[in-house]
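Letters A, B, C and D name the chains as they come in the text, with residue numbers starting at 1 for each one.
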Amino acid sequence: MFGITRRTLIALSASAAIATSLPAAAADDIVIGGSIPLTGVFAFAGIGIEAGMQDYIKILNEAGGIQGRKVRLAYEDTGYKVDASVAVFNKLTSQDEIHLYYGDSTGFAKTINGELDRLGSIMMAGASFATELNDPKAFPHQFMAGPDYSEMTGILLEYIAKEKPGAKIVLVNSDTEFGRDPIAATKARAGELGLEVVEEIITPPTAVDVSTEVLKLRRARPDYTIFHGYVLAPLPEFMSQAKQLGLETKFMGTFWSMDSSIWAKVGEAADGFMGVMPYRYYYDEAGDAPMLDRIREMRPEYQSTPYMQGFLTAMLFTEAAKRTLEAGKELNGTNLKAALNSIENFDTGGIIGVPISIPGNSIPVGRIYRYDASAQKMQPASDWISVQE
Amino acid sequence: MTGQSETGASGAARLEVEGLSLSFGGLKALSTVSFAAEPGSITALIGPNGAGKTSMFNCISGFYHPQQGAVRFDGRDVTRMHPPERAALGFARTFQNIALFRGMTVLDNIKLGRHAHMKTNLLQALAYWGPAQREEMALRAEVEERIIDFLEINHIRNMPVAALSYGLQKRVELARALAMRPRILLLDEPVAGMNREETEDMARFILDVKEEWGTTILMVEHDMGMVMDISDHVVVLNFGQVIASGLPHEVQADPHVTEAYLGSGDPAALMARLRGEGPDTGRNREEVA
Amino acid sequence: MQIGTAKHSYRADEALLTTRPQRLWMALFALSLCAAPFLLDNYWLYLACLVAINVASATGLNILTGYTGLVSLGQAAFMAVGAYTVGWMQLNLPTPFLLNLLAGGFTAALVGLVVGLPSLRVKGLYLAIATIAASFILHFVFVNWESVTNGNSGLTLTPATFLGTPLTDYSQLYFVFVPITALMVLGAANLFRTRIGRAFIAIRDRDISAEVLGISLLRTKLMSFAISSFYAGVAGGMWAYFFRVVTPESFPFVYSIFFLAAIIVGGMGTILGAILGAVFMTLVPELLRFGIDWLTPVLPNAAAMLSPVRTIVFGLLIVGFLIFEPKGLAEIVQRTRRYFHLWPFKK
Amino acid sequence: MSDLLFFTEVTLAGLGSGALLALTALAFVLIYKATRVINLAVGEMLMLGGYLFFAFAAGLGLPAFAAIPLAVAGGGLVGAIVERGLIRPMLGENPISVFMVTIGLGSVLVGLVELVWGTDPRALPAFMGTTPVFIGEAYVSRKIAIAFVVAAVVIAVFLTLFRFWRGGVALRATATDQAAAYSCGINVPGVFSLAWIVGCGTAAGAGVLLGSIGGISPAMGVFGLSALVVVIVGGLDSVAGALVGGLVIGLIEAWAGTYLGGEYKLVTTFGLLLVALMIRPYGLFGTTEIERL
């Protein structure tokens, strides 16, 4: 009724149901804290992340937890506002003993970093893949469960260089910290790979009407257009206008634009959209993915890409905690991070198609997918690409 | 500005208007008006409605800039000066439609009058340091002892202005003008809208100001009885020109004046008004709000 | 009520706190402020620091909007100027943090002077809109003046150090912020005991007759802008030391609306109003968080309602106070005080 | 492609988005003219219009020709409620207070929309077709072309109504002098209500157009700020000013966005606003308000 999607409702009630049906907290629970955007401009991600983390924790607890200790997620909504995220962090860390924390934005990750260093007791990951955070010296207690934004565009460029050497590329970025993040790195990498960046288009963060930008695109006539700094809008408008104009360019995006359910709503115009995705999709039938089977068992309906991100983050959190406890060490930021960095050729149960290692703050692997409008699915367009140095 | 500011309003000034002309677009409001207000005297500016009295006042206090002519203050040409500079020089005025600050108490309104003569700067004000505090205390003492007592408004000093009666508001406005250490006091219809008793009080205060403070006073007023009673000198304006000036009884007898007033309304009432009879107060109260 | 005639009593009469109960309450309040860090947990200390910052900025805006009658929707942008100044100095100069805060205040004041210039030509809503324009232009500067602001990623500050100790935890910051804010509030209260404060009010009430009293509109309005943005700048500087990351997105336009809302809800043109308003508007969203905690068992999707409900409550508070209690919380406090002043002798 | 053709296309795109700005600005002007209220919630009314259309067209599955009038009517209804419930009690108050009431109202509307529809941006059902439009050789986005035509027609209708229709005359009279209009037997409260209904309805309609171009989200109300710039530049009480101002701002934004870069759009607009305020505080076509002593 009135267009409230079923997905939203289900996600909301499911998440809340889990939140309410929590078993009584035991004193030795391992608590994962979370500043999660269940509302606000990034709610679409937050709802999936929360569900993914809860599901993995459930699987883990059913298998006996970590050395007999149960894992619990304590989180609150932030509305994707930095000050609210900080407030939630302070509230949760005052209420519980927390060693693992999920943060919701680049701004929060940077803001809380000093506090993490001061406390020394917490390792954090989150929804930000900002290039700046991929620096173990400056952010010793943080990591990201995937490639950073520059690595994402690096994977795209790698693919382009193979498909069409010397291709002309246009970068379209939103005028935000998120949007501008990989521009410099992308241009440098494109140069190395012999690709030509023919135009850079910056859109105001509030842009709704992109007609003039489309005209610029038309004039540049690129082979590939790489969007970054958006979830969905204004990509569909770019694509449908480009189609009207008969432009041949291929449109590409990064992780946060890759959920297939948001493209399903766009319809025909979405066909052919490509992008980099660090995880497998819910409907991927690959044989080596027992975790995906497990997820489909728990949740019969499609789960979003943020769900996968949350799921994997919880997996890595708990893996680090397990390794720390097994080594007989105290749970704190430094030990947890060291344990995380000890992860080598780790099997994620198929969430990521190749075994992963985390020597630093990121997992620089991903795969190119292409949206197929008739099947309403993202189909693999490449093999897994690693840009690890 | 100069030395007199420490000694208060002792130095009554001479105000001279010379050949003043003012027009709005094609409309001539004043044409070559000349007159003078002598130090320590009360000069009244009268004339029928639309004669240019308020325009004259606005030229003297610096709101309007006349096209020709000059306003001189003790011989100094002030025609081009802005209102705040004039205030610093010793101009003080009251308004026909009371221009008190309604959000403040009586005391604060009066204190505001001294603004231009005070020296506290921003830093001192924020800290409320020695000099700032001393200056404020001196002001408070002076306002209390010289002005509030003098105008008999002790009982209302901490009341918000908006709560006062019309007559009292006019009195507070006079108090504020006195706090400006005026060397010339411009009163724009000081008794308009007052009843007989309030009018008499105000007339007494104006005379007292002249005697005790020795300030030069220039006023616009419609209440002829009051004008004739207290003025030393009367200037009559009509259609933007001076048609008569002199001692009150001389002006009263001037046929031009009679004619000017006769030409602009009910003859009987105007004659009575010119003679200062009857309770006509010129304006009704609604207009003043 | 006659207040004594002896000279020394004028001083007593002009004091900020005139009665014994007032002084007693103030002493109690000061005592509880000192005790707070030892009683509150980290979360509430965090909120206390944030409240201190917001009170400082709201007090500044109140000087401009509440007392001088010049509506500004640029307070957050002025805070940003202060925050960037402090951030830049902290990273590039060896100056002590208190000096940086002052410099943040002065830079913001300078910018405030420039932004205040249109106030000579336009007033009321037009001025409010000019300040909106100024904040968007400042935002552009923050994004594009990369050599100073580091563009979109902004500045990441090292902690302030005081007497050799880095100020990193909230109780340390609390002991720095609260006295600074208290001083700023005291300064504002003092201001309105002197000619300058009176001139501000005069301009708000009737600017033309203020001119006749020798108050220069130009100077006074600009002075008000400067003080207000100085307050914002210092508050922004504290903000920078508090969150330690300053980006162009740190001070969004709604933050300016927040401050205007705070002084409306608290009470325009009263010192108490800005304080109450900033405290109230900072804490209400947090209290809603607890409301959601309690509601969750009854209303399954309560958590997902928090942010919209906050937005709605924020709007309703503005609308409700303007319609039903335009003088704000300060007036409610005054009424309560009068009531208890007479109690139990009179109902 | 020749530079001249490119320039022409950019200019046409600018005119198109300028028409949308003008339409939104019209909502400001109507309300300001009658009630002297700057309604900052116009942006949120516009957003609400987009969501109402979404609810009727996507939620209830109504065809566009039914959903559009319903969305406009819904906007008008909200306008009527707001006028009676919030604005009328504030009559005679300081204009700043009323302005702040509309800011509060905007916040409430955003919260309500988030509560009902969530915060995800959504696309509106397509109803404009996809065949590209070419004027000569120059390409114009079809949606923008349609928006331009609709906005132009609506503004023309309003200009005509103001001149010839009784209600329009009553509105103009009220704008000039409320007391005099009242004494001439004009139903001034009625005019107030009418202005809010029509103004908010217009905003809602603009929201449908805007939403069909760029999708809808609770944050789309910021478009109202650009429209506010238009009315300040054009004159708060001038319909013609809204029209000319809208086109001017649309063109300048398009040129700035193309030749300087997208990040220059907003700053150019607001820079222009500051200049306009300093040179002509009451806008190109606005009535100068005379300060009285």
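Keep in mind that, in the parts below, a contact is a pair of C-beta atoms (placed from the backbone, for glycine too) under 8 Å apart; a residue touches a chain by one contact, two chains touch by 3 or more.
Note that the coordinates shown come from a computational prediction; the quantities given were computed from them, not determined experimentally.
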Any chain in contact with chain B as well as chain D: C
Which chain has its Cα centroid closest to the overall Cα centroid? C
Work out the mean Cα position per chain and let me know which chain is farthest from chain B. A
Can you work out the whole-Å distance between the CA centroids of chain A and chain D? 37
Whole-Å gap between the CA centroids of chain A and chain B: 75
Find the geometric centre of each of chain C and chain D from their Cα atoms only, then give the gap between the two centres in Å, rounded to an integer. 33
Taking each chain's centre as the mean position of its Cα atoms, how many Å separate chain B from chain C? 41
Indicate the residues of chain C shared as contacts by at least two other chains. 143, 208, 305, 307-308, 310
Which positions in chain A touch two or more other chains at once? 39-40, 43, 175
Shared-interface residues of chain B (touching two or more other chains) are 63
Touch list for chain C against partner chain A, complex: 41-44, 46-47, 50, 143, 151-154, 156, 159, 168-170, 243-245, 247-250, 285-286, 289, 292, 296-297, 300-308, 310
Interfacial residue positions of chain D with respect to chain C in the complex: 38, 86, 89-90, 93, 95-97, 99-101, 103-112, 114-115, 119, 225, 228-229, 232, 263-264, 266-267, 270-271, 273-274, 277-278, 281, 291, 293
Residues on chain D engaged by chain A in the complex (per definition of touch): 1, 6, 9-10, 13-14, 16-17, 20, 54-55, 58-60, 114, 116-123, 130-132, 139-142, 144, 210, 213-215, 217, 219-220, 222-223, 254, 257-258, 261-263, 265-266
In their shared complex, at which residues does chain A touch chain D? 1-5, 8, 39-41, 43-44, 175, 201-204, 206-216, 218-219, 231-234, 236-237, 240-241, 243-245, 262, 265-266
Within the complex, chain C is touched by chain A residues 12-13, 15-17, 19-20, 38-40, 43, 47, 76-77, 79, 82-84, 86-87, 90-91, 93-95, 107, 110-111, 113-115, 118, 130, 132, 175-177, 179-181
